[in-house]
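The structures considered in this document are given below.
In the two complexes below, chain A is the common chain; its partner is chain B in one and chain C in the other.
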Partner chain A sequence: MTRQSTLHFHRMKDMPSSHLLGTGTPMCAGCGGLETLHTLYDILGDKTVFVNAAGCMTLLSVYPFTPFRGGWLYTAMASAPAGAQGVRDAVDILLQKHKLQADEDVEVVVITGDGAAYGMGLSATSAAMDRKLDFIYLCYDNEGYGNTGQQYSAATPHAAITSTSKGSRGYPGYKKDLFSIWAAHNPAYVATVIAAEPLDLAKKIEKLQSLSGPRMLISLAPCPTGWDYDPQLSVEIGRLAVQTGVWPLKEFIDGELRHTRVPKQRKPVDEYLKLQGRFRHLFEPRYDSGAIAEIQARIDEYWARVVS
Partner chain B sequence: MFRIRFHGRGGQGMKTASRILGSAFFLAGYEVQDAPRYGAERRGAPIFAYVRADHCAINERGIIRHPDLVVVADDTLVGMPAAGVTEGVNENTLLLINSHESARTWARRLNTRARILILTAMDEVEDRAELPYIGSRCAAAAAVLCGVISRDLLLAALNEELAHLPDEVVKKNRDTAVDVFENMAGEVGLVSQGGQQTANDYVRPAWITLPFESAEISNLAVHAGATSVLVRTGLWRTMRPVIDYDKCNGCWWICSTYCPDGTIDVGADGFPQIDYQHCKGCLVCVAQCPPHAIASISEQLAREQENEVAS
Partner chain C sequence: MTRKLVTGNSAAAWGARLAGVDYIPAFPITPQTEIIEDLAAWIDRGEMDARLVTLESEHSMITAAGSAASSGVRAFTATSSQGLLYGMEMIYTVAGWRTPFVLVNVSRGLASPITLESDHNDIMAARDSGFVQIHCATCQEIADGVLLAYRLAEHPQVRVPAIVNLDGFYLSFTREPVDLADASKARAFVGEYDPENLQFRGNSPLSQAMAVLGGGPYSYFRYQAHLALQQALAVYDEIADEFAEIFGRRYQMIDCYRMEDAEYVFVMLGSFSTKARDAVDSLRAAGWKTGLLRPRLFRPFPQAQIRQLLQGRRAVAVIDQNISMGMGGVLHSEFTSALYGTGDAPLVASYIGGLGGRNISQQEFFAIANELEQAYEEGAAPPPRLLYTEEELTEMRKLQAIAQAEHAQIHHN
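Now for the complex of A and B:
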């Protein structure tokens, strides 16, 4: 049974207290992506078909085990939205022929990592948005190719050490602004979320349920393995990403951009960076004030535009 | 050919151990393969890595079925079917276990004719995922037992493989390795090499061996939903979160919402319960509980206490 019509998320007490997603998955302890997924699944309900591009979460459903209560389809890295189109079309045809009843309709949900979303799957995603495909897309963004040992991706932030940017300055590039790229397609809904802010996450999921067409979510997914920190800090680091302004929570709907959380007093970015091994070279053996000031300046510049 | 398998938990550095040993063999003039088993390299989860070394080209591929030496970094893995520690172990295998218990105890417990050695016991640490320098200890011990790698070659390999770490960490790893070479001087070359196997000798197995699990798991309904609950990821845990119900104020179930794995449900009484069969021990709940009602204790200790109560 879908619970979409009965839930209204106003306060933390409205969050689900038992969970739909099966336990026993092979995701790492403290996985920030899994945290988002289990909330999404709790709210969407079991009438969902997940279409999963290659990535960490491909390991969710390893035969014969699955944490899902409904369908799951595995696609190549670049083609999850194409897979979603296939599932959507098939369900629509079955509905049309009355081989499925209206109450048996399913929500098609793409889940991919940032490697697929920001990089090789971008063109298939763009085309799906052009076609106004009725689906939900969740990108769990752990800022690198986590499943294969955290090589850098187009989502990797400036200066982060990854297994392919090990130099003393880390990754020389800058994180791609996927939110704006997706928003430029003018889909039904685009939002950034994070599991460390569950109420904001739940409200956005509830909102996208009331819409049809392409509904796109990017969840920053703190990753103990790839970012090199103690797993118990996952929520703390996620919350700091929001409080320092590194990860703006926002949504784009009907051509309008809205920030759902504007930190009144942004914490210095140091507080977010210093908890993570991938940024340790900015603090040891000595404090790299130049690099940190540059990161801070980019954040300040972003928020100066938001507030004005 | 030397066939060596390292067993440990994600985070204990068995992949690094296999690389150090592999590089050392290479420096000693051997052809080498070293690789971790890919797929579940999760912190606390059982993982293994392996090394093959020979003076001629190695044509074997894949997982080592019949190891000459098995190195076990964490003795809690031995009894875990999914870890596969004893797979393919026979009377020609040498089993090196990091344990506080004696070789005799282990021989009796495992009912095996394999030779068993105990890796000089280390001080117990609270969190088993963080046994200090265990990777270097295991690599050095394996080198000693194989008997064809000098201390200096092992240290050269160690330097090469740990080059990305700070100097003082590398130094501690070196000291650990030197210590092992000194302590195990009487055990040089105990490993006997297995013979060459060629594809011609391959005998197709009559059946596929799966680790012994209960019928519920080996024979599950594949079309059913949420079958992943049959996988006991609680075995990954090295630290255990424990709720103090005197302090728990039945808040708006923050622990249940933040638990990435959904292993905390709230009962009808409004209080949360942790599912220890599946909790991986990330301790996010400990860090987030507003009244600090959840504490973490060593899993090792918790199990020992449970055993005492049971007996």
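Now for the complex of A and C:
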């Protein structure tokens, strides 16, 4: 496929002004995952086949309606990357045999939540990277099994209340470092993104369009229903995730790790946590300085390694 | 046409090669692995124009087979036993996609305990999935069965995936002379893959496998798949006739052996039925009017044909190489269900045999014939039997004695 991007994202007015993805989907108001998908789809265009795993976005296409202008295939929770393999291989075979014309080629994009990406689907994802499958993978990471009511997953951050960690200390585990796990496979591209930083997101999409092979995106997806906040705060919470250093924006390409946004003056993590009901127990009935200090210390430790 | 001495696995690979498959998602498992090794070797040597990709599991493998077939290419894949079960979520899922491709299953007993030998519980687990099932008893049937399966699966009135089943070891590793169809004739018989409306391409919106809301649309699509499988019965006969015209071998959906005047009938699936065939000959020589009935097509289940073939017989022994725990033989249930309420139905007796490759001896077939005769005279079917001999029990007791002695030794120390 020819991958000549003519887009250059320098400022907000360079962003696509209308959305390809149709309206009226059953996604929640303020869904951070849907915002990332909009930007991805707007930039990739409609010659795209989305291969979906069980998760919130399963409900994007409900018979007989679809918001997609191109292709959509629902698979199962564990095997969306394998579904992408079959589509990619079939299209390649048909192109090679001249049963498809070059302009009928498609970009194959896996979309899964963190439940599939961090857990059940990790083996299929790992193998797709082993095989150097030419595809894009978007994980919308809302840090829990959101579609079933936000039970904790391997992506859930320390201390978050979920519907299976309702105790006074929240989730006792720590968020798994999927970025590093993916990067260890040395795919063509790995990046973390967030819809609240659209230029960073657009630049990364533009970059992955110029590459072939496995191109992997993890988008932190602020989730009003799962994180318990007012939908109008989604963008603000997303920005705070970056400004506090909770969600480092970075990319891994040709064996090199680069942070695309290093906050000069990181805001205290309190500002991010206090807007979300899942962390309310850290502030009420009394300020849990110990737990918050531990969360802050982990963030500081991370950035100390980056900046040094 | 070439006559070659090939194993059942190799015959399956030849079937895929002759069908002109484009794409083979693969994953190794005993006793199937030789199929994908043969195909990989042919592709490497440039003898076959296809792409083989090893996935990391059968779950992924079946997903890729379904998604490739949904994207416009002819796909083939193969598995066995634990692999079929590991991929079972996708077996049901891709059948619902109504995407035609062929999967060869080499039957092997299921864990636990784990074994490598032949048994039909694996394939029975896929019974209700929406796949067509063709069961083979010879290597010739395997090579031909794959060609028939593609035609049936891809037929406009059917459009579902198909499984061609063969028995591990008994067929997978047994060499038999096989007439391999002439490549161009085989291709002409199978034809070009027509993806119909299933093809992802740029400039053409297509949604596959969408969610539905509510039982109305869900039931509609499920009924559609069921009706398509039922239509496959009539379509099968058309295709089998066409195959016979070209290749000279007519595969009935139910294989009958010496059934013309048979009073007592053995019913079996797959290659173990050849043991019953021998027994029929011996019993006939001793003056018994016995016969063998072997469904080749198991899904769709040819109920009307079974009724017709068994009406007026004295008694039928259904010998299941599977066991539905707490119920008994699956085939037995299906036969009694097909025959219930029809006038002049024979008595139907249930036997479980051949689990995990366990032999069924000629003496056992003779004993079964005796029981059938007695049942007929008494007018009542005997209780279900789990075939097992005194000798086997003695051998089992010896193994247990060793296990107990070893256990005692460990605890003594």
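Keep in mind that, in the parts below, the second predicted complex is superposed on the first by the 304 of 308 C-alpha atoms of A that agree within 3 Å, B and C clash if a C-alpha of one lies under 4 Å from a C-alpha of the other, contacts with A are read in each partner's own complex, and residues count from 1 in each chain.
Criterion: a residue touches a chain if its C-beta (ideal position, glycine included) is under 8 Å from a C-beta of that chain, and two chains touch if they have at least 3 such contacts.
Since we're looking at a predicted model, the values are computed, not measured.
Placing chain B and chain C on a common chain A by superposition gives a fit, with no clash between them. Of the two partner chains, chain B is the only one touched by A:236; chain C is not. Of the two partner chains placed by the overlay, only chain B lies in contact with A:35; chain C stays clear of it.
After overlaying the two complexes on the shared chain, residue contacts for A:160 are found with neither chain B nor chain C.
After overlaying the two complexes on the shared chain, residue contacts for A:15 are found with chain B alone; chain C is out of touch. Using the contact criterion defined above for the overlaid structures, shared-chain residue A:63 touches chain B and also reaches chain C. Contacts of A:124 after superposition: chain C is touched, whereas chain B is not reached. When both complexes are overlaid on chain A, the residue A:225 reaches chain B alone and has no touch with chain C. Taken over all C-alpha pairs, chain B and chain C come no nearer than 6 Å in the superposed arrangement. Of the residues of chain A, those at positions 46, 59, 63, 66, 68-70 touch chain B in one of the two structures and chain C in the other. By the touch criterion stated above, chain B contacts chain A in their complex at residues 39-40, 42-45, 164, 166, 220, 222, 225-233, 236-237, 252-254, 256-263, 265-266, 275, 277-278, 280-284, 286-288. Contact residues on chain C toward chain A in their complex (touch as defined above): 22-23, 25, 51, 53, 55-57, 59-61, 63-73, 75, 89-90, 93, 200-213, 217. Residues of chain A touching chain C in their complex: 46-47, 49, 51, 58-59, 61-63, 66, 68-76, 78-79, 81-87, 89-94, 99-100, 103-106, 123-124, 126-127, 130-131. Those residues of chain A whose C-beta lies close enough to touch chain B in the complex are 11-13, 15-32, 34-35, 38-39, 46, 59-60, 63-70, 166, 195-196, 198, 224-225, 230-236, 284.
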